[in-house]
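Residue numbering begins at 1 within each chain, and the chains themselves are lettered A, B, C and D in the order written.
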Amino acid sequence: MSVLETSVGVALADPSAVTAVEATGTSALAWLVIALPLLGAALLLVGGRVTDTFGPLLATALSWGSFVLGALIVVQLYGRAAEDRSMSVQLWDWVSAGELSVHAGLLVDPLSMAFVLLITFVGSLIHVYSLGYMANDPDKRRFFAYLNLFVAAMLILVLADSYLVLFVGWEGVGLASYLLIGFWNHNPAYASAANKAFVVNRIGDFALIIAMAYMLATFGALDFATVHGSAGSATQTTLTIIGLLLLAGACGKSAQFPLQSWLGDAMAGPTPVSALIHAATMVTAGVYLVARSQAIYDLTPDARLAVAVVGAITLLYGAIVGCAKDDIKKALAASTMSQIGYMMLAVGLGPIGYIYAIFHLITHGFFKAGMFLGAGSVMHAMNDRVDMRRFGALSREVKITWITFGAGWLAIIGFPFTAGWFSKDHIIESAFSAPGWQGWVFGLVALLGAGITAFYMSRLFFMTFHGKARWEDDIHPHESPLTMTIPMMVLAVGSLVLGAVLYPTGLLSGWLEPVFGHAEGHESLLPLIAIQVSVFVLMVLGVGLAWLRYGRDEVPQVAPEASFATRAARQDLFQDEFNEQFLRRPGAALVVGLETADKDVVDNAMVGGTSRGLASLANVVRQAQNGFVRSYALTMLAGIVAILGAVWVIQ
Amino acid sequence: MNLSAYIYLATLLFALGALVVLLRRNTIIVFMGVELMLNACNLALITFARMHGTLDGQVYALFVMVVAAAEVVVGLAIIMSIYRARRSASVDDANLLKL
Amino acid sequence: MFTAPEIDYLALLPLIVVFAGGLIGCLLEGFLKRSVRVSAQLWLTIGTLVIALVTLVWVARDNQGITAAGAVTIDGPTLMLQGLLLVLSILGVLVMSERLGGTTPDAFTQSGVSVPGSAEEADAVRLGGTTTEIYPLALLAVGGMMLFPAANDLLLMFIALEVLSLPLYILSGLARRRRLLSQEAALKYFLLGAFSSAFFLFGAVLLYGFAGSMRLDVIAEAIGTETGLDGLLIPGILLVATGLLFKIGAVPFHSWTPDVYQGAPTPVTGFMAACTKVAAFGAMLRVFYVGVEAARLDWQPILAAVAAITMVIGAVVSIVQTDIKRILAYSSIAHAGFILTGLLALEQVGASSTMFYLAAYGFMTVPAFALVALVRSAGSEATHVNQWAGLSRRAPWMAAAFSFLLLAFAGIPLTSGFTGKFAVFAAAIANDYAWLAVIGVLASAVTAYIYFKLIVLLYFGESRTDTVVVTPSALTTFAVVCGVLVTLGLGVAPAPVLDLAANAAQFLR
Amino acid sequence: MSDMPWLTILLALPALGALALVLMPRGFARSRELALGVSLVTLVLALFVAVEFIVGNGHIQLQETYSWIPQFGVSFALGVDGIALSMILLSVILVPICLVAAWDDVPADGTRRQQGYVAWILLLEAMMIGVFAATDIFLFYVFFEAMLVPVYFLIGQYGGPERARAATTFLLYSLLGGLIMLVAVIGLYVAGPGGGDGFLLENLTGLEIGGVTEKLLFLGFFIAFAIKAPMFPVHTWLPQAATEARPSTAVLLVGVLDKVGTFGMLRYCLQLFPEASQWATPMVLVLAVISIIYGALLAIGQKDMMRLIAFTSISHFGFIVLGIFAMTTISQTGSTLYMVNHGFTTAALFLIAGMLIARRGSRNIADYGGWQRVTPLIAGTLLVSGLSGLALPGLNAFVSEFMVIIGTFQRYPAAAVLGATGVILAALYILLWYQKIATGPAPENLSSTTRDMTVREKFVVAPLVAAFLVLGFYPKPVIEMLEPAVTTTLQHVGVTDPASATSADGSEG
């Protein structure tokens, strides 16, 4: 590939113009980042029982290996000039026919490496955590194999240099998610949850496939470089359609409205899975996709607006649902949805939001993973109970968990100077700077969301760790082993300080600038300080309200009868009822109808009809074969007369 | 007299013979109907021979008579054997083979 | 007025041999004692047929021409069909002679004149009566058949028709078991045959009236010229056609076929089905190709319609049959339709494809009926399809052979049935009868249903204990193996026979 | 080396193997070993052939032409292009796998049953090679039809309780299609240059027949192929046949045999009748899309797992046909690759389902549940195969399905989008099935002797899973084999790929 001969300044203003050079040095080993966990998965799955003993440790080690390698690559990139940090690793010619030419190739650039670090770091921590969490599970080996598989797939997703390779990872993480949600599939509900996740994701994937088809038809290629490079030459309509299709794909993976229904059920998987896949990494893939496709979205405000709208809706949706959930994991899942809604909103805002979206994504990866692990630890302590109404007053029993969870809680509610505060406030600020009515709408939604987040997260926190103990009789809470608590501690530290490390130092924005370009100075609708103050006030209000209701007051052990709004929120705003009523039932009826039609109409008409027709014709004709000679003679004579008559008529 | 009248007569006889085959039940009579048809042919042959002014037709008629005689032999033999077995000469009784 | 016609005896030698053999056979009937009669007659018959075949190949082939006052044509088609007839009748006679360990041909009654079930019959059985007259009868029938396609004169054709038919009427009535059915078959065959030959004759007479001669070449010349009696031409052609269509069993002149095929002794059915069809189609070829080809615009549509309806009716009605012999009968009707399709194509390809199909059909039909005769239940033939269920387990080779023949009937590639169908359909399509070919393939598909139903029964049905497959002697085995090998050979490497048929397809006019 | 008649040898080897098996004495104990040996030698030989094949050349290679039936214009002509070779390789790879999978299907009980079983499979292999290698249309037709016979017996004689009906339905459907094609085959010959080698593909390509004739001929071929493929609404035979057949038979039937339909569309419909193909494209695309969705929806509703797999195949065949008639390089390459991939995927699904059935004795999905706990390996490989079936990236089927969708999108976006909904439905039918089979509490009513995969079964599944991965991650060798042939086909049709809306190098050039 030829290096672009444009000035650096232009290149930065038009980030798609950054051309990846062939990778050298450590970066050339980027494939190994993927290969290590993939190898782990393969070994553990194929190796069988032989690997039972050392398998989990091996998987963990390989995951850490990926992290180390990723870090080394980042170091190498850091040593290069900002505009040279984009490198490609070409592996092999994968699919080539006609115009289509897709190499299995990796793109090592700041954006992908940011994800690599997040994935491998959090992922490895969760491997470690799982060593403790899954210690007594008979299928531990399989679990670690799946985890490794997930890490590998997720790395393929972010390292891909084309949409098609990305799609491999995209579906790969879907598969891993399916396998892990259904890990305890002896419970039929869990198996259904796994199916639901996969199928809903497939709807998004369908859109993504069509998006790729559209790209190929438009640009004649699927690699990021060509597609993004020639995006400008496509028509507005085309770009908008592609943008919307990509958004639909992102919605599926990131559980955004209207494809959000699977995430709550996905909590059926073991808690480390929820932490890794359904909080920290996989579900943020949609955000990555939109961010990666910025060259397209930059040119199509309509599609971008759609992204922002979806983000805004989901943000509120998740937040509202989160207020009503009593299942600790489902509440966290709702919160995840909501937080990803923030990220979507941010990427939907365009160049001003990309960096904040990724920033929030990273911090969220830490604090949400931390909280999920905390939740896992709590469940560990409470014999796998998840109903927060039967928790309470755990702060004394599981102190480390309480503290680490508290760090995550502070981060997510946006307590000043925690990681979440840095990332979320910037998104809210950016939202207010969107043009025209959008600024007001998105800004206020984001602001409101922040308040609700503070409420429901505090509700969760207080219900679990404070108030009166509402435990069931046979529960004797105990702190988790070190393998579990250490990862929680690491993540807790990250939740508190990561923001301060990354943002004020300009580390992250500097790192990502070659990809996203320099964020233009923007006019906010409200003064910055006003926004920050209102966010803070709302947060305090939310926490306070939660304290009053769930910290100070008695929490009923059984969910009380509630208003329509609460019931709606408990039932995820009737998403499943809607799907059941308008999708599954008509679908099932269609299937049954077709089954009947296939038997009664197609088969019966084609085969049965023909054979019946022939048989009845035969039965009519054979009546003439009545055994009477004279009748036969009559037939003959009739034939002769008919023939002569026919000739006579013809002539 | 116009020779074509004989042709019409022959045709009529032929048709009569066919009708006999169709209408009568007695096997012998049915067979007679066939003989009538053959003889109608003979009449036509002779008439055509006359028309064409050749003797071919008459010779043909002789052949046909011989054949008819042979047919009678075989036919009667078959009819006899079936009559002896069934004690019936009705063609309609021979209808075990059907459909 | 009469001059003694020149007769090329060398060309007629095969015919003479066969007729002479038949007459000697009649004499032997009278002079030989009962115990040696069967084998003597068998050897005489086979010998006669073989010698006829040899003379056909070595003598008659080199003496082609129109002879006997223009009444007989010995040309390519004649020789080809005569040869085919001879080979098929050798097989047919072998099958007829199957004794199954007894002293007399198994399929035939020991006393044709006795009343079924009477004391007379029992006496005949006790005394070891034989019906060796089947051999001379068969030879005479073969003679008539050989004359049929050779006849260049409608009167001779009529005589040949009778010569071939009369022995067959008798043979049909000679079954050992189910004699009532057999006699009924003979009666039906006879009455309807006589009825139809009357029509044939009347048609011939009309053509005589039209042309002033029954010779085909004269008739051919007369077409297109004003004879004053032009109105007789078309009815004449069609009535002649009627008689021939009866013999081949075309709809609506087919009614006799199932009944006679079912009632006649099974080996006779096989012989008759194969050889009569060859002879009758040969005669048709000659009439339509040599005699009235010039009037084809008048008869071709009629024949096409007959072919179409024959294929459809034959195929459709076969699917509701439950008797193996009737199934094969309806199949023969459908096959008659297929062959007609080829015949309609005219030109050389029409003749060659027709003759090839006849060969293919003959070599599958004789062994098929031979195999039918082997399946017994309580001493008599078990011809109901249900009695055949699961036979493959007890008689794998018989089932395999029969299934293979069924595949050939169905026209599955690599069998002669396919090659034959291909030949006739190709001829039809090349000569603007594609629609007929379409009907033909649809009919084939329908007939395939019943053939495969039989295979299903043979192989996948629940076995019945009261049905047995008797072990045939070398005679039947030879005939069956020959038939199967030819059926396979004509499917896999038909080129030589196609060549033969193509070379033979030149009519002397 | 290249003078050797490789393809003939390849074709003859399994055929001779089958013959040897038939000739072995009754109760021959090593028939399975012999058959496996023959099929492995065939596989090795096929690999030699593949080495001889020059990749990147889109024309027919390794040609052999011998005159067969010159009277019909028929040659015994073999040759392969990339598509044909890939299908042959698929066949010869699947046959040994199927033989191993079918090891215990038919016990050696002292009869010929087991011999027959493996002999039919070998014969089928020979015919599969023949049908893909034939470059003479008549020869193709011969194999096309003759192939029905082994399958018919494999289903009818060795299948499930409803086998007779299933076998007959299968046969009649196919035969009907084949016979209609026969008319078109003949018609094509008539339209072509004729002569002693008039059926050679090369002599019939580029005829520019035009008009109604070409459309009718196209339809004649297409209907046969649509039945074979099978497409809606002529698919109803497949679920029956696949259900009643042994898993190995079902693999060969659905995995390879049905590909003859799509192969035929590509090789014959498109190449011989370009104008008519384009005329028919809208109709075909609609049918293809219906097939995709209809098959998938019905698969979701199935209670019998063999039926389910059959319906998934109908859906997948819809994709293949869609890609073929979208007529872009990408879509057709995708379709041809799909043909290979689908072979492996379906094989794995059928065979693993067969393992489950062998253990539980039921095809009813509801009779299972929780089997992941009983037979983790079977459940796991079932899932992997299922994922291949739903086109998970990284496994084989994805590449091809994706290529079909995006290639179709280039020309017919609406059809591509509608067809792509099959992606969602595929997830439903595979995962719901897997859920009902493998997940849930461990079954209680299961005898303790139920074992996980045996070593033999591992040998069955391992190569298939390996094929999934290899074709999923590195399909390049296969694509390189296929693409030139596809390009040649498109040249014959006279279609060029639609250019992308913006040139590939974009604004920055």
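Here, a residue touches a chain if its C-beta (ideal position, glycine included) is under 8 Å from a C-beta of that chain, and two chains touch if they have at least 3 such contacts.
Please read all numbers here as calculations on a predicted model, not as lab measurements.
Participant: Looking at every pair of chains, which two share the most C-beta contact pairs?
Facilitator: Going pair by pair, the biggest contact count turns up for A-D.
Participant: So which chain ends up closest to the centre of the protein, judged by Cα positions averaged per chain?
Facilitator: Central by C-alpha mean position: chain D.
Participant: With chain centres defined as C-alpha means, what is the inter-centre distance between chain B and chain C in Å?
Facilitator: Inter-chain centre distance comes to 25 Å.
Participant: Rounded to the nearest whole Å, what is the centre-to-centre distance of chain A and chain C, using the mean of the C-alpha atoms as each centre?
Facilitator: A distance of 78 Å separates the two centres.
Participant: Compute the distance, rounded to whole Å, between the mean C-alpha positions of chain A and chain B.
Facilitator: Taking the mean C-alpha position of each chain, the two centres sit 96 Å apart.
Participant: In whole angstrom, how far does the Cα centroid of chain A sit from the Cα centroid of chain D?
Facilitator: 36
Participant: Two-or-more-chain contact residues of chain B, please, as numbers and ranges.
Facilitator: 18, 21, 30, 91, 94-98
Participant: Quick check: what residues of chain C touch more than one other chain, meaning two or more?
Facilitator: 187-188, 191, 195, 199, 258-259, 449
Participant: Find every residue in chain A that makes contact with two or more other chains and list them.
Facilitator: Answer for chain A, listing residues that touch two or more other chains: 622, 625, 627, 629, 633.
Participant: Taking the top-of-page definition of touch, could you list the pairs of chains it picks out?
Facilitator: Those chain pairs satisfying the definition are A-B, A-C, A-D, B-C, C-D.
Participant: Which bits of chain D are touching chain A when the two form their complex?
Facilitator: Result: residues 169, 173, 232-237, 294, 297-298, 300-302, 328-330, 333-334, 370, 372-373, 380, 387, 392-394, 398-399, 402-403, 405-410, 413, 416-417, 420-421, 423-424, 426-428, 431-432, 435, 438-442, 473-476, 479, 482-483, 486, 497-508 of chain D touch chain A.
Participant: Of all residues in chain B, which touch chain A in the complex?
Facilitator: My answer: residues 18, 21-23, 25, 30, 91-92, 94-99.
Participant: Which of the residues in chain C end up touching chain D in this complex?
Facilitator: Those residues of chain C that touch chain D are 352, 393, 396, 407, 410-414, 418-419, 421-423, 425-426, 429-430, 434, 437-438, 441-442, 444-445, 448-449, 452-453, 455-456, 459-461, 493-495, 498-499, 502.
Participant: Spell out the residues on chain A that touch chain C in their complex, using ranges where they run on.
Facilitator: Within the complex, chain A touches chain C at residues 611, 614-615, 617-619, 621-622, 624-625, 627, 629, 631-633, 635-636, 638-640, 642-644, 646-647, 650-651.
Participant: With touch defined as at the start, can you tell me which chain C residues reach chain B in the complex?
Facilitator: 1, 112-113, 115-116, 155, 158-159, 162, 166, 169-170, 173, 179-181, 183-188, 190-191, 194-195, 198-199, 201-202, 204-206, 208-209, 212-214, 229, 258-260, 262-263
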